[in-house]
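Residue numbering begins at 1 within each chain, and the chains themselves are lettered A, B, C and D in the order written.
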Amino acid sequence: MSSHTNDTTNDVSSRALSNLDLETPAKPYLDSNELIINMGPQHPATHGVLRVILKLDGEKVLGTECVIGYLHRGVEKIAENRTYAMFNPYIDRMDYVAAVSNGLGYCEAVEKLLNVEAPRRAKYIRVILTELNRIASHQLWLGTHALDIGAMTPLFYTFRDREEILKIFEKYCGARLTTHAFRIGGCQYETYAGFEKEVKHFLTYVAPKIDEYEALLTTNRIWLERTKNVGMISAADAIALGVTGPVLRASGVQWDLRKAQPYAAYSEFDFEIPTGENGDTYDRYLVRMAEMRQSLRIIEQAVNRIPEGPIMAKVPKVIKPPVGEIYHSIEAPKGELGYFIVSDGSTQPYRVRVRPPSFVNLQALDRMVRGLLVADVIAVIGTIDIVLGEVDR
Amino acid sequence: MAEDVKTPAPAPPPEGEKPTAEKTAAAAPAAPVKPAAAAKPEGPVPVPWSSPLVEKYRSQYGSGLDAQTYLGQNYFSVDRSLIPDILRLLRDDEQFDYCVDITAVHYPKREKQFDVIWILYSFSRNERVRVKTQIADGASIPSSVLIWPTANWLEREVYDMFGITFDGHPDLKRILLPDGWKGHPLRKDYGILQQDQEWVQINLGIESGQ
Amino acid sequence: MPSFIMSYLGSTVTPGEAGNQFWALMYVLIIFAGVSVAVMAMNWLERKALAHFQIRLGPMRVGPHGLLQPIADAIKLMLKEDIIPANADQFVFWVAPLIGLLAAFTVYTVIPFGPSQAVSDMNIGILFMLGVSSLGVLGIVVAGWASNSHYPLIGALRSGAQMVSYEVAMGLAVVSAILMTSLKTGTGTLSMIGIVQSQQQQSVWFIFKFFPLGFIAFGIFAIAMIAETNRAPFDMAEAESELTAGYHTEYSGLRWSLFMLAEYATMIAVSSIAVTLWLGGWMRPFPNLLHAPMWDFIFSLFPGLTFLCLATIAFIGTARMPAHSFFRIQRIGLAVFAALLGFLALLLLVIAVAGRSADASLAARFNEGIGYVYWFVLKVAVFMYLFIWYRATWPRYRFDQLMRIGWKVMLPISLGVLVVTAIVGVLVS
Amino acid sequence: MAPVATPWFFYVLAGLAVASGVAVITRRNAVHSALALIVTLLSVAGLYLMLYAPFVFAVQLFVYAGGIMLLFLFVIMLVNIERSSKERRFNRMWPAGLVAACALMALFISAFVKGRTLFPDRMILLPESSNTQQIAGLLYGEPGRIGQYTFAFEIASLLLLVAILGAVIMTKKKI
């Protein structure tokens, strides 16, 4: 490209590009210069403040480098200066579209450290809310992903239906997005009157809506062309790169923490783990659509069998776990969300390490987009389903 | 070094880091049930972890390695010198093919200030294991990027947050903080309000980011 | 003065052909104003229709149901700061939107709204249209280059390559329609008016001629024209999620609005080509079957009835407005608008009744002309709606897929249709 | 059709063509040169229209100004403008070029002055509406008669096809 067009960008990004092991062709055939493009941090399709430096040959991607950290708030540092209970709301601000899942993971980790167990009713409430949140997260993903690929309309459909979930959250705990729904030892709030009825109504409401999304996209030729065989990642690569969640399952690995190492009350429900075959963008789309349906199944069972009883275990007012360390992880909508908590016996955690699925999954971007086109980078960023609040923490 | 790890100490011996932690002796084998608060039936105690895997490794490495179970979670405490080998063995022979996380913990009062922790998972065994080692400030540790590619960003984050360098990492640089930043925020001596004022003033053109 | 006006109204050729410079100028002005208004209306319609596709309301605040929104937008864009990037090529940056706009508006000189309702009837009208509209891409390419930035440059390259590629298939589809014009008379024509007239002579819209052939050619044109105007699902050049805004990323204010104006004007222009070539141009439906004077009268009522319909809708909207003082001004505004529409409807109906007889009176000529323009505009409006519908429904193609479709699917099909049309044409005549 | 081609139109178009032609070779910025070249081509197209050759006008518009210049721009846009604008614009051969241009001009003038007899007094004015048919007749022949230039025309198109194929093979690393 004309250097008059790209000199400035070159200078800015040359350092950041240092690790791009780009195989430049031995002898350039015709004089084709590479173009270095800065996608983000202000870009409509990077889902926040992600900056991707692309090295292009024409429109073909030779290599990428993600520059992250624009949203870094030092969540782990904050944790060391808050009590266990005080840190709970901060957790919601990481993956803010799946705040309930985040809270579930943290509360269970601390409960494990305290060696207490939440009552069964609390576990059921947790499962219902978490699965609702999974649907909400997938709906948001679907809308934005479709928007990235150029289909505007699904975004509004999914947001319309996500609204119903947020209404349930709002009625349950007063907040829609950063819910802070659970407490260490169980749940703070009993379900409101009519909770079961509303959840059941939601189930019958949303099932046809999921069919509606699928009607718009699943057999749409343009959608197929844009997603099939795009951003492929093999199961071996996915495992080596630590990719989890729907991205891993779309590559054919039938692994879901809800089944593999059940937490909360998941061992009591009957559901399937949808998997894909090719590990391409389309399979990831199908897996997430199927997961939404499986979540509906889980919610239906949970809401029908929800037991009576207390919702809070006996937890001391001042939470002081014994000295020790624990790693606990759950299946968040985006993958394995782990908490590694080190306690020194005081009221504040000595160290909290969050294992964010988005952060690790994002690392696979480079592997997935090499050799594809610029437009595919957008599709792949969308399909990994990252939330920058969680990547940067 | 072997002695340190051999003692079945629960992971963090943060002597006097916080006032409340004063009582926690470094070599307290019994779980610190001191505060009356935690009304638990039994205090969880790290117990030795015995399994064929542990036996095998113990016979192979002897005193450099120690295996424990705490709250049902298994971990190895290994000597720094064994690090690349044992990780590679765990992946190649024991199918711990998924590196969940790499992180570190800072104990400023200790001689070897850092715990570096690998959390591993095996899909075929459906089993998790943690590998821990202790290193001193300024010391480096072999990178495991060649064992698990996912270690790339995880090690960069550890470097960014703790200043631990990984030998053989292809591109060890800061990941979350900007490149020119001074200090490693997750060290205990880094205050929660502390900032690299110079960086903020130069790059953001404001007096302070607070 | 009436005689001066009549001098042309009585004529059956375009002002350009008649050498009537006064009326040619009038036509140019009318078309320029009309297209500008149409673009504004299209802007409003797109936002409203798209919003309703997407279970939203769209603009509701500026005027009743956002009817004044385009005007507010226009004022805003004119008042906005006009930024030229420091590293841009000032002159080229300045001239680029004008190139696009000039090309988009020049095409209208040959668009036939009726047998004499055009600025001029060039005997190479369709070639002129394709040629001039191919100049429009220069504006886009040059704009992308002059911005001196990556995304605009990529957008410009994409749109340049895309427009050149689809022009080929588009041209071949057009040629197959032109071949059809030669069937009855022996000699074909490139004149836009001639093309419609030959459809009249053959008593068939070319979309139905040699049934699948005309339809396929029309389909190819209909697809190519979307690509040609850079609209979804072929809006690679300004692919929002990839290139932020493509070639006009660096543009703002008035210059940016000129690009938009050019884009929408081009959309209307290419739709006009499609209507002229395949959908019988200004002809009303079934002029050959339903040709009794009674039918003429019934069809001449359509414009008035359409406006009556619109007026009714507006009145219903007025009645359904919430009875709150907050809405009083909006309610009055909508009522006035409805009354205006109703007045127009009345006027049109009066003209239709008065011009019933087929003599050469002023009313009859007027009535005829209104009928032509009405049917032409109605057909074009259907295309405009399709443009919106596509945008609401489909994801965006990727650039290589777009090129593949252009060269490997559309081009062979259009070549094949051309050859088969020629063979069938020879066999038939 | 009443003639609208007044001398004024001719002078304006011709002047524009010459002026922008000069701009083409004097602009340092290649894109500016290309834009000037487009103006030249458009002016010449206008001259064609004045000669009652609308078909040639449309082809000039379509092929040269629309297609070829777009490809020119494509190439030029990717050239390093800053470097090329610092280069010397004329190489040492410019006196020869000037001499050649002057000779050509002299030839034109002499042909215009001396060779008046060579040309018919007045061009036969074809009706504008049949211009396209005339060209088609020359190229493809009237009904029942093979055209004068059919063969040459087809050969030319074959050559172009070969050129296209060659370009594809040259640029494409693997087909």
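Going forward, a residue touches a chain if its C-beta (ideal position, glycine included) is under 8 Å from a C-beta of that chain, and two chains touch if they have at least 3 such contacts.
Just so it is clear, the model here is predicted, and its values are computed rather than measured.
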#### Entry: Centroid-based (C-alpha) most distant chain relative to chain A
D
### Message
My parser should flag the chain pair with the most contacts; which pair should that be?
### Response
A-B
### Message
Mean of the CA atoms for each chain, then the mean for all of them together: which chain is nearest?
### Response
A
## Note on the structure
Rounded to the nearest Å, the gap separating the Cα centres of chain B and chain C is 67
#### Entry: Interchain centroid distance [CA atoms averaged], chain C/chain D, Å
31
### Query
For chain A and chain C, what's the span in angstrom between their mean Cα positions?
45
### Message
So the centre of each chain is just the mean of its C-alpha atoms; given that, what is the distance between chain A and chain D in Å?
### Response
60
### Message
Quick check on chain A: which residues sit in contact with 2+ other chains?
### Response
1, 4
### Message
Which positions in chain D are in touch with at least two other chains?
### Response
77
### Message
Can you pull out the residues of chain C that are in contact with at least two other chains?
### Response
153
### Message
Show me the residue ranges of chain A that touch chain C in the complex, using the header's touch definition.
### Response
1, 4-6, 8-9, 35, 37-38, 43-45, 59, 146-153, 155-157, 160, 216-217, 220, 222-223, 225-226, 373-376, 378
### Task
Would you tell me which residues of chain A are touching chain B in their complex?
15, 18-19, 21, 68-69, 72, 74, 76-78, 80-81, 112-116, 239-243, 253, 255, 260-261, 314, 316, 318-327, 329, 336, 338, 340, 342-348, 350-351, 353, 355, 359-360, 363, 392-393
### Query
chain A touches which residues of chain C in the complex?
50, 53-56, 87, 148-151, 153-154, 232-233, 235-236, 239-244, 391-401
### chain D-facing residues of chain C, complex
17, 19, 89, 91-92, 95, 122-124, 127-128, 130-132, 134-135, 137-138, 141-142, 145-146, 153, 156-157, 160-161, 164, 167, 187, 190
#### Entry: Interfacial residue positions of chain B with respect to chain A in the complex
10-12, 14, 17-21, 23-24, 28, 31-35, 37-41, 43-44, 46, 70-71, 73, 97-101, 103, 105-106, 117, 119, 123, 126, 128, 130, 148-150, 152-154, 157, 161, 170-171, 174-179, 185-186, 188, 190, 192
